[in-house]
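One chain, subunit A, appears in both complexes that follow, with subunit B as partner in the first and subunit C in the second.
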Partner chain A sequence: MTTMMDRPASTPGHSAPKKALIERLNIFTAFGLGIIGAIVFWYLAKAILPANTDGSYIKSNRDQYVLLAMIGWLIGFMTGIGALVGPFRWLLGKDLSHEENLFYAGKDQGVKRYFRYTTDHKVVGIQYLVTTMVVFFVGGVLAMLIRTNLGHAGGGWLQPQTYNAIVGMHGIIMIVATIIMVTGPFGNFIMPIMIGARDMAFPRLNALSLWLIIAAIPCILSSIFLGGIPTGWVAYNPLASQGPPGQDGYIMFICIFALSTMVAGANITTTVIKMRAKGMTWNRTPIFIYGVVASVALALPAFPFFFLSQVLSAMDRATGSTFYDTRGGGSGWLYENLFWIMGHPEVYVILIPAVAALMEMAPVFTRRPLFSFNMAIMGIAGISGLSVLVWAHHMYTTGWAPLLNGPFMLTTELISIPTGLLFLVLIGTLWRGRLWMTMPTASIYALLWNFMIGGVTGIYLSDVPIDGALHGSMFVTAHFHYTLMGAGLTGAIASLVYWFPKMTGRMFDKTLSWIGFWFVQIGFNIAFIGMFLVGLAGQPRRVGSYAALFDRGNMITTGGAYLIMSGMLVLLYGVISSWTHGAKAPMNPWFAKTLEWSVPNPVPLENFDVLPVVTSDAYGYGKAQS
Partner chain B sequence: MSVETHGHVNPHHEHPDVVGSRNRLGLILLLVADIAFALGVIFVYFYLKGQNVNDMWLPKASDTQDATVPVSSMGAWYVTIIAAVGLLFHQYALAGVKVKNQTQLVLGSGLAFVASLAALIYQGILMNNVSFTITMGAYASCYYLIAGLNVVHLFLTSFISLGNWNRSRLGLYVSDHWHVRIVSVWWIWMTISSLLGAFALSFT
Partner chain C sequence: MSDLETQKRPSVFARKDVKQTVYLWVIFTAIIGYVSATVQARSMGASASETMSTTIHMIRVFTWVVAPVAGLIAAMAATTLIAKMHFGDTPPDEADHQIRNSPRATSTWLIVSSLLCLFAVVWGTIVLQRDNAAILDPAAMNVNVTGQQWVWNFDYVDNGTVRSADLYLPVNKPVVFHVTSKDVIHSFWIVQMGIKIDANPGYVTETSVTPNKIGIFDIRCAELCGLYHAFMQTKVHVVSQADYAAWIKSQGGQA
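Up next, the complex of A and B:
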């Protein structure tokens, strides 16, 4: 195989040399081959598969064609982006040369490297950032459609089925966006530099995790044209088995995303365990690193259950198996267990890195050491450990194993103890600190406020009798928005502003960051306090119309939602304008002590000329020896 | 964070043991996910068997359908035995590379590839010859799930074993052999996974 370095240099009068295969592959070839793959698999399925005449309950040819077309899309896309080059070169015994690895790292390729299977962790971090913002934008538009429809009593302008489909799409898109919003951009760009490494442990797996997500996005978006996801984001079976082909888009989206998460989890964990700088003992490892590792390590054993739940769902729909169909010996409780074994740890997969990022910023903006580093680690470990033992609190009202309701209530309420430790760490760090009031600093306060409301209402919902009254109401919706958005997204946006100078070489516009912050936080609290009120009064979730008595609360919520949207648009404008025209950032604008601020802007290809040796922790503010 | 700048240089030529150790940990972490998935599959089998919803774990004969008769688990055990033999061949290859015996390495990895292929084909034959279809009750669904997981694992094993044999043949493991050790980790897990499936299918 020709490598890019084997080719002779072009000389005047001669035609340009032929490009090597790896130089030809990019996002356009990926989409091209992906579409071809989908079409080929669709026609093959139609030509080969027999018509459904065996009398199975759920199986349909339509689902077979759609699922196979999406598998064809995935194979074509990953071939087109170049993900299969490495494995097949390994098989053939023709390992990538040093020059080819440099090409994959994006060396001297300018902006083109962002559209290729580039392995440099900084490029992957930026790709994740843009991908996350695009996914949030789509989810946000769907959120505004929901709130606009709920603007007045008696239903809005959306058909009930369309409304349900939009709610389902919004839910799953936002869940995935919040899962990747911190570990994706900042876990990839910042984390390796923060631990003093030159790159991730497995750069090609790093690119694989990113491009799998990009391949998954069209699957979920295609659901819009295939009848949507009328089941809500949980896609409970056997209801989902009877859904339109849009459910197949959901299934493929989750399966591909789960693969991406497993790959990213193994990669990030290995990087942190094996590649920390000399002298960076576990006591000197920044708290953000603990947050990222806890998040991905939690996802590693949890997401396969989600993956499995969707494999079974696909088999029911496409082959006529009866895993979830009681008429054939299946059980809806099986789905619920598999789903929530992933579903509750996932909340902490989202929350922990966002809170850890704010704990990383707190010492910087208070110029004080992190209050009780060990307590922070105990908090993270405690939450991670308990989070896998609480899943059935989502199933109190289903009738599954009523004898276990008590134990699950206990484990769920126990989780408030390690969560409280994280609160103590943040408050202890802020206490009597000399505050440098930036937008990330204000975000710490916002997190404490929002997470407190989300946490306390979570304790109510973990209580079996109260859950019986509130389950399926808007109260639940408000509760998880307070945790995932009020705490998680607040931490992610603060992370963006904090690490923006290192990632882009420019400062985030201060005024815009403040305007965006206040619009989002005020709008958020208006929107979801209103939602708590209507939820307490009994308004069910996932219903496109409501009685007149809920009118005022919904009007407040919709008003708050528009305020959030305004703030988000300001922040989006802030990202674009700061990235293109912002003030040039100095190497260490926050005077922070973690390693990422010791490398110049833009960060060199291999981060460090000489690998650092760490001699103290990152929080020695106010100490003479630091 | 205090930093000294006289650390070690030379990022591109790490010691093979360092690279191997990193890769081994990476594979083990990936296996954590695969183990979770496989245990999930076993959970599904025993959960649905235990529930026996509507007495449809093994449906009885009706006007429209024959009774579902469970297959003998011996077929699944034979697949596991072939996989175990493949693992032994691979271990033989690993022992060869450790003492720099190229012939033993090539022979062992080649035989391991043949074993993985044989197990894959035999698994396919077993699936083709059962007396029920996937739609005939929860046991039938679970049988295909377990067999399907075996097929995926064996397909991956065949791919990896083929690459391993080819690389052995080309003499790429002369200077360092961490690839062979890592493939060994995969073989061990694949055999255990097959064994778990056979174990589950022994309870009908």
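Up next, the complex of A and C:
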């Protein structure tokens, strides 16, 4: 592995003036240039593009302007943050100097490095953590608006247009938040240390993936002012083509986010394959690493489809093409296919790293080895492999290809076998362990409970005749909240508490973590069991008002949602208060054996003075049998 | 296992925690199976077709089939929770073993879960085949369903040019719906009959059902279709054959 130390230092005089430029770039210049870029592109588009008068499929020029302005925003933002400095230098035939690389790594910059294009994986991890929490906060506020509106019968106080826009926004924001919630903060901060590396394989790509997400977020937030996304998070065409310009915000958000995910996927995969410490064979690689790699490796084939689906959508809106318009030879089914070819691997992109993180914690908190490491890997690999073959189970009732319903039912139900292995590994590790009760330990039990309910209801839905009754109902909504939130988010919050000492140097407040845990878990189960019941009784998804028969169930769900909100606010307060003045954390508070606990707090710039050599796996807990 | 080994290692079922788990397993399986099967079946309410009855039955059976698995995990989890628990800032003693694997446990688990999965697939396929065959029934009547923002229209093509916004169906007669849309994607859902098919602009999709109960049931749109999606609902009136013929005549069609 090449470290920055190995490179010859360039002469200081040579690089001094250039250094001044990169020192001046930060998040403020990024937003400034981004806004300027958007304005410039808007007016250029207005000046250059011909006005639409020929009565084609395009109703007006507004989508062209909005899309181009957002492209201008992206270019301006990435220039302003300094993402183009490196590539530009390459074009000029000279790479960054040693000092500049150290500068980019955030050496001796204190808090400022968190607002710059910093390449240090630990800085990127913290940036991801804060970004994820902000995005969750926005998504959570939207969720509470939805639940408040559905709290009493006959609709509520939100207009249908507003309600639909909020539902779509909540959906896509939460999907993105859950996709990045584990691989972002912990995959970046913890993973390289865990495998005994000094940084990621491509540190600048790492910064790129983070800042692409930050550039994408204003696109989706701008939708609020452009009419929203009244199409649900799936944005099916042709409904989406009717949508307001807010839909363009969705399209750009997805495109930029997909780029970010692909960049991160290539980076993380390469890092894990090439940069594990000496002696860390695949048998000795911690299971969390498998989870992270499976997640990002799945994203690699999946997200290009997402990207493509939205590019075609943008072309339909802005250029009058008819990929999804039957009047011009297109098909809405094409969109549905492209979308779900991404959409089903994506749920495992969310789920696998969260479960793998809990598997990583299980031996630590039971003081015994992980039960059946090989089955854990087989489970992860099996789910990943099968997940690319199941997308059309989202389309059983679309009428697209009824003959394929049988085969897709088969592949979908096969996933229950590797998923069962994950349960086996977790329960097998808890069994006969010496239980150390912490909030992450309790989260393992919570995951078993929630994921069992989410998984079993998934088996019902995978059955074509049952899906005929339940598809598009609140039952589906409750099902995927049980998997993505009950299992996924539970794992992510446990990861936060578990790795908080290493990431911030302070312990997460124990009392607050327990209060938050119980509020969230109890509220969650109340909310979504209520939602299962109204779904079974026949309440459709994404409706702002409903028949009186669903009153009680919705009331229960809304009550549960407020409990979740209370718990989440407690956790948020816990994060802030523990981060600012929590108890100083020892180097290895959990007495765990993975490598990230062998480095001091705060973690030094290149993690290890001497790269570690690994001689066994990290699960050697328990007393040896005499 | 040889005799010698048997003497050294008593049967696992002699261990206290295993015994406890087995008792809990039986109890939890019964509770989980009964409570969730009953609650789900009750929530789904009255069924108005064989399709819906089968669906409710399948959910009930799937629940009972999965209950032992969920019950086992719940029982094992409960046993580990009942055992001595350690709170505090330093870890408890190490566990008194270093077991990393149990080929017997994992292979049993794999075989059982594969068999359960096989059962679900085979049964699902059989029911699916029956539903698919029903679309080809030559004795069935045909109704064209057209969705548009935000109403449903029904054309009784076997009875001349009758069109209605409420659906009327004769009881115990198979019916095939030919579903399409004028604008965006809708989804035609007769809630109490357990059938659903998307209405796509430019394409015709099919589904079929045989109503077996006289009464008024709900039709809802199950795919977000814009502003008033929540209000895109209507009723289906299932009536006797004679009443149906009379209704068709009153609408100017030939019964």
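One rule holds in what follows: the second predicted complex is superposed on the first by the 599 of 626 C-alpha atoms of A that agree within 3 Å, B and C clash if a C-alpha of one lies under 4 Å from a C-alpha of the other, contacts with A are read in each partner's own complex, and residues count from 1 in each chain.
Here is the rule we use: a contact is a pair of C-beta atoms (placed from the backbone, for glycine too) under 8 Å apart; a residue touches a chain by one contact, two chains touch by 3 or more.
Keep in mind that this is a model prediction, so the values were computed, not measured.
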item	value
Combined model on subunit A: subunit C and subunit B, fit or clash	fit
Which of subunit B and subunit C A:Arg432 touches, first, second, both or neither	second
Partner chain in contact with A:Ala392 - subunit B first, subunit C second, else both or neither	neither
First, second, both or neither for A:Ala38, with subunit B first and subunit C second	neither
Subunit B versus subunit C as contact partner of A:Met181, first or second or both or neither	neither
Touched partner set for A:Ser598, first subunit B, second subunit C, both or neither	first
Contacts of A:Gly620 with subunit B and subunit C, given as first, second, both or neither	both
Partner chain in contact with A:Arg327 - subunit B first, subunit C second, else both or neither	both
Superposition-derived comparison: subunit B or subunit C, residues of subunit A touched	C
Minimal inter-chain CA distance - subunit C and subunit B, angstrom	8
Intersection of the subunit A residues that touch subunit B with those that touch subunit C	326-327, 331, 620, 625
In the complex, subunit A residues that touch subunit C	155, 160-161, 164, 167, 230-232, 236, 238-239, 242, 326-327, 331-333, 366-375, 397-399, 402, 405-406, 409-410, 413-414, 416-417, 420-421, 423-424, 427-428, 430-437, 445, 448-449, 452, 456, 459-460, 462-466, 468-469, 471-473, 532-533, 536-538, 540-547, 589-591, 619-625
Partner subunit A, residues of subunit C touching it in the complex	17, 39-40, 43-45, 51-52, 54-55, 58-59, 62-63, 66, 69-70, 73-74, 76-77, 79-81, 83-102, 105-106, 109-110, 113-114, 116-117, 120-121, 124-125, 127-128, 131-132, 179, 183-185, 187, 189, 191-192, 194-198, 200-203, 205-207, 218, 220-231
Subunit B-touching residues of subunit A, taken from the complex the two chains share	54-57, 59, 87, 90-93, 95, 98, 198, 201-202, 205, 262-263, 265-267, 269-270, 273-275, 277-279, 284, 286, 300-305, 307-308, 312, 315, 319-323, 326-331, 334, 337-338, 593-595, 598, 606, 610-618, 620, 625-626
Residues on subunit B engaged by subunit A in the complex (per definition of touch)	1-9, 11-12, 21-23, 25-27, 29-30, 32-37, 40-41, 44, 47-48, 51-57, 59, 64, 133-135, 137-142, 144-145, 159, 162-163, 166-167, 169-170, 172
